[in-house]
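Presented below are the structures under discussion, each in the form of structure tokens.
What follows is a pair of complexes built around chain A, which joins chain B in one and chain C in the other.
Entry: the complex of A and B
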């Protein structure tokens, strides 16, 4: 007689009259394949845990985003937000799709140059632009978005020294009806700081004001906030035109569109409540078109969209280490993916999907990572099918910020593979090794030996 | 190790404890184990039966069975003085 597939015995109390907030989980299926490549084979070949990126999904996302804006507005340019995911393979996929680079540090600036991008297509944001990097940015005609007045003076001094004109914009922060307001970056619209900076730039001989920039927040759920922001930048642009007879070239609305992830504490999944890229496009382009730019005078619209273009293009594969019962009777499952790899588990309730078939039985489970640290919790409570040790899980929507904010902590960081348009996996980042990490360390002579 | 006499077990996967009024859902393998317990089978006999019928390693079933029986105790479905 053929033996049956094993599933651990489960007894679950039925809580009548108590709406089960986890009961909302739609019937879901195991995720056995990513872009037609078997999850099990990926893990067998490249190890566990493993990040898997879909090139097809990235291209699909950026093409859809471009269509959303280009069908509503005459001149649109996307710039890939490096910090969201600066793996070179990811950056180049976006560059092949026509995206410029948006960077926020000298390291990211150099990475964009290394990727072969023309300096004039690099947008340089952020509060910490080193003087050396400002030299490079001016020499390369990059778009420097000024964050504070100290930076204004540095840029001015460097430009004078180089005898070059710096192409600059200012970052503007403003009240868009969203709380908390991001007022730590750039110059405030309401209190007149923005105008002070603009006047200084317009009176400088070594600066060319080419644009206006804002980034109102991240994981924004309100398209209307973007309409407000676009309207305020348009007002500034028109004010500059009227006061100085100077037309700026572009308005850069930054990033921040929500991806389809589910924020912690939110009852409904992101796919049910988060606005789509079309909603954001409608809000922004509507506000620009209805402002007072003359016919044919609409500025180029730049978007620095990050997470909404990459989150759902990456998965994190892992393996069950153990199932354990906690003292209060709750079930817990330990997997080999920790918060060191999945930084976004501090903000999101990530979906965790088994990679092999399962029955309809499930158990409310705490999912822990492998770190010997109390903070290493991926999900406080998720209704999970009954997984056996050694079985695999897939965590979806992990493309944004994890592969940049991950930490080398307790364990080594794993490989990243990218599946190309034909379904072939490529390693795009090797796993870390002890040898590589030791290369950074130096041992003072007097500490070399010890006796125990 | 025994299930309380008055605990009702249905074929469709439900268990009812008349003393507390609690209902439980149980998966098929859990049902099998409860029925074996009701028949007064020992831990070893249950272990053996699962090993014969399912594709599972002994150390896994040993651990899971222990956990399951602990949960039966947690839900007050087990005879207090029964040996485990």
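Entry: the complex of A and C
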């Protein structure tokens, strides 16, 4: 007979409200495997904590997203938003699926080039484009999305100096009926800034206006806002056509589609209320098709979707360090995943699932990370089964922003593993080591020695 | 003047179904073996063509000698019979006019049935003039035929007489002697020498025609022997040629040469023999020769009969585009049919965006039967082939539900039915079985119908013009539709659910295991995942040629520089072609929106235009790095003329020369320029060994085709576009 799993004793207030027909049990399953690979074996082999990315899920997501748009609109192009997750293995998976690259800094630009992306398929966004990177972008025929007029002048001067034509677009911000309105990036539509910039570009001999770009927000829960934005960009494009007899090549609707994570303060889980990629696709393409472009004249539709394509393709595996009772009687569990690895826990209520079977009993718990810092709280309140030290948990939907915004703080950053289409794990980023970190440090001579 | 001259020349070669100038000159000389007959023939042609021009008949037909050749034969015929004189030439003029009238009249009658009038006008003309002239005392019967050595002397002095004499006394087999005489009899000559010259001309014009003339003649010869008929009948009057003309007409001119066409020549020979003997007997009572009557009867009947075939159509293919050369028919017709056989006159695209799966095709297992058998059902499927996400119990779960549906081509909205509720999953509305539908008129008797659209989603109204790709509604689940899908069919009438038409989709991709295959003018079949082609603007712009446009290139062939200028033109039949100013070479092209085709090249095979034809034989106006376009050149564009001669003889039986065309796309390595490069491989050769290859690299920029690099054996030619 197999040895029974020990579960700590639990005293719970009797909840005397009406039981539903399923009784009062917590019915959810442990997550023992990711893409048929055992969580326990992954941790045994690669250590804990551990990020695990599913290549199958990435490909599935991008294909579904492409289908959602391509069956609704004749010309669609996805561009992988590097800042969401610029791990080379992730980027290349998207590039293999036909995505271009969308970058927002010189570092990301260089990374995309390093990955072998043709310069003309890099979209260069962001408010801080260095002059050196603008030189590269113009030389490589990259698509430069102008964020402010100072940048316009820099691009113009560089292009004149290089005697080349820069392929540019402007980023437009606008009122789409949502709050907060993102007006810090690009040129405003309503107050006429956008037209000022467009007129300057159209009158410049060294710039070719190839597109229009907007990015109305992040983790958008209203597809209709995209319809409004697409309509406004279409109006701008048609205005340019009428005024300058110039047809732009593309409209870039940016990203910001919500993933299935649950935002803090939201009552229902993300899967119940967040719009799907189909809802966004319907809103955007519907608005473009019903605009006045006319059939056969529709511009290319570019999407810089990041989060919605990668969030659910990555999991963070961790191990329980200890259980503790707090002064007010609440239960707390400490795991080896801190907020330094799970940056998104500041705005999501991440789902935490045990990686081994458990009974129906659960207890409201605070989940803390391993950092010796008061802010290191992963969940203020979660109903968890009774976990023991050394047992494993899986945090889902961690693909977006965590692997780019994580920091080396107190602990070293762990490995990242990608499970390929055949179910074989590959290390795609090694664990940090002290030696590697020390390489960055320089010691002035007078501080080399000390005596205690 | 030039037209007049070619009208005369073509009238001579038309007799042998040819337009070959060398052959024309030989025939012209042969007619002058009898000086006055030759003159009468020439005058008859001139009279006829002048009259046709003055009357205002189609100048192109006059130029092709369509009206002239019957008068030529009449002229030659009566030129032999009668002594020349003023009266004779006046009669000649009027009989030429009458023959022209017969030609036009018969063209009208037979043309309606798609049949040629062959030499029937000649028969009417010559019979009438022979009968009528029995009462014309001013016309004298010629006696020249008896002393034809005099004529030979008149043409070439003693040398000619000696040559003629030597040849006529040459020991050749009896059958060959009759063959040559029969050939010469076509031009009312009656001696071996003329026959020999004609045979040489025939061989020069077409190896197949020459071969057919022998086959036709010997089939008759042996049939006569077998049946015990009088062979001297063949050698006696002007009738042996009936077999030769029948063989050329039925074996290679009106029918594409093949082993079946040769078999039919052998089978037709006894028919000609029976017709010949019987009509000759009847005609002897009115003292007339049957001339080419048996040939006319048998060939016209034969061509008429094969039009009524319902089966076995591919075995004997009638020539659809007359090129005046059995070789060209053999080489290009099959190739043409393969490339454009079912090329529709209106390019239909798939009525949606993105990739959809065919869930019921033509002659489908559920509802595509009977009058509605030429229809498709489309749904969207994922990697695993599932058509829904989630449980599949609500409409929204289905990938295709509420996806836009677009017009397959330009047209006018003819019928709209909307307001039928979408069914729950699994339900069917058998009462309103088509559901919400739109019918679009694209041309007379060509409508497209799209059904099972979502309720109240139709965005068009009756009478509204739509463009290809314009959204007309959204996919739903109305009518006889248990799960969301669209039903798509071409039909011949505007009402919903009319009888379907078998009509192809002009071009599309099939995706299997992430590999794309390109299809033109084909019909998607069950379970295929299909999508429309996304055009690339650069390629589209580069291969968009407008009549009136001039294209100039500067070539450099190992230091030798040259300039070329092509003009884009169109003819009255809306065919578009390039014409080279320097070499007058012509190349015809078709532009079907998605695909650019060269169809046919005429001219020398070392011009830049010829290389351009080879390099851009079929260009898909898209950019897909994984896409390879394959095609086969017709043998008419084979670069090596000598290699073709042997093939000419065997083409009815087998083809040993092979051609292939392959095109793929790459981007230029220099990313700063907006440029696409096309790579073309042209291959010619006997099976696998001894391959002739020509490789091309075509650079396309925003200004169009900017440069063509040609690599042929050790020769390298660079052509750069100049303004």
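Operating definition for what follows: the second predicted complex is superposed on the first by the 436 of 452 C-alpha atoms of A that agree within 3 Å, B and C clash if a C-alpha of one lies under 4 Å from a C-alpha of the other, contacts with A are read in each partner's own complex, and residues count from 1 in each chain.
The rule we apply is simple: contacts are C-beta pairs under 8 Å (C-beta built on N, C-alpha and C of every residue); 3 or more make two chains touch, one makes a residue touch a chain.
Computed from a predicted structure; not experimentally measured.
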{"item": "First (chain B), second (chain C), both or neither touched by A:60", "value": "second"}
{"item": "Chain B versus chain C as contact partner of A:8, first or second or both or neither", "value": "first"}
{"item": "Which of chain B and chain C A:196 touches, first, second, both or neither", "value": "neither"}
{"item": "First, second, both or neither for A:325, with chain B first and chain C second", "value": "first"}
{"item": "First (chain B), second (chain C), both or neither touched by A:115", "value": "neither"}
{"item": "Touched partner set for A:45, first chain B, second chain C, both or neither", "value": "neither"}
{"item": "Residues of chain A contacting chain B in one complex and chain C in the other", "value": "none"}
{"item": "Chain B residues within the chain A interface of the complex", "value": "15, 22-27, 29-30, 33, 52-56, 60-61, 64-65, 67-68, 70-72, 74-75, 77"}
{"item": "Residue numbers on chain A that touch chain B, as the complex places them", "value": "1, 3-14, 16, 323, 325, 329, 359, 361, 386, 388-389"}
{"item": "Chain C-facing residues of chain A, complex", "value": "60, 63-64, 66-67, 69-75, 118-120, 139-141, 164, 282, 285, 289, 294-296"}
{"item": "Residue ranges of chain C in contact with chain A within the complex", "value": "352-356, 380, 382-383, 389, 399-400, 402-404, 406-407, 466-471, 531-532, 534, 667, 671-674"}
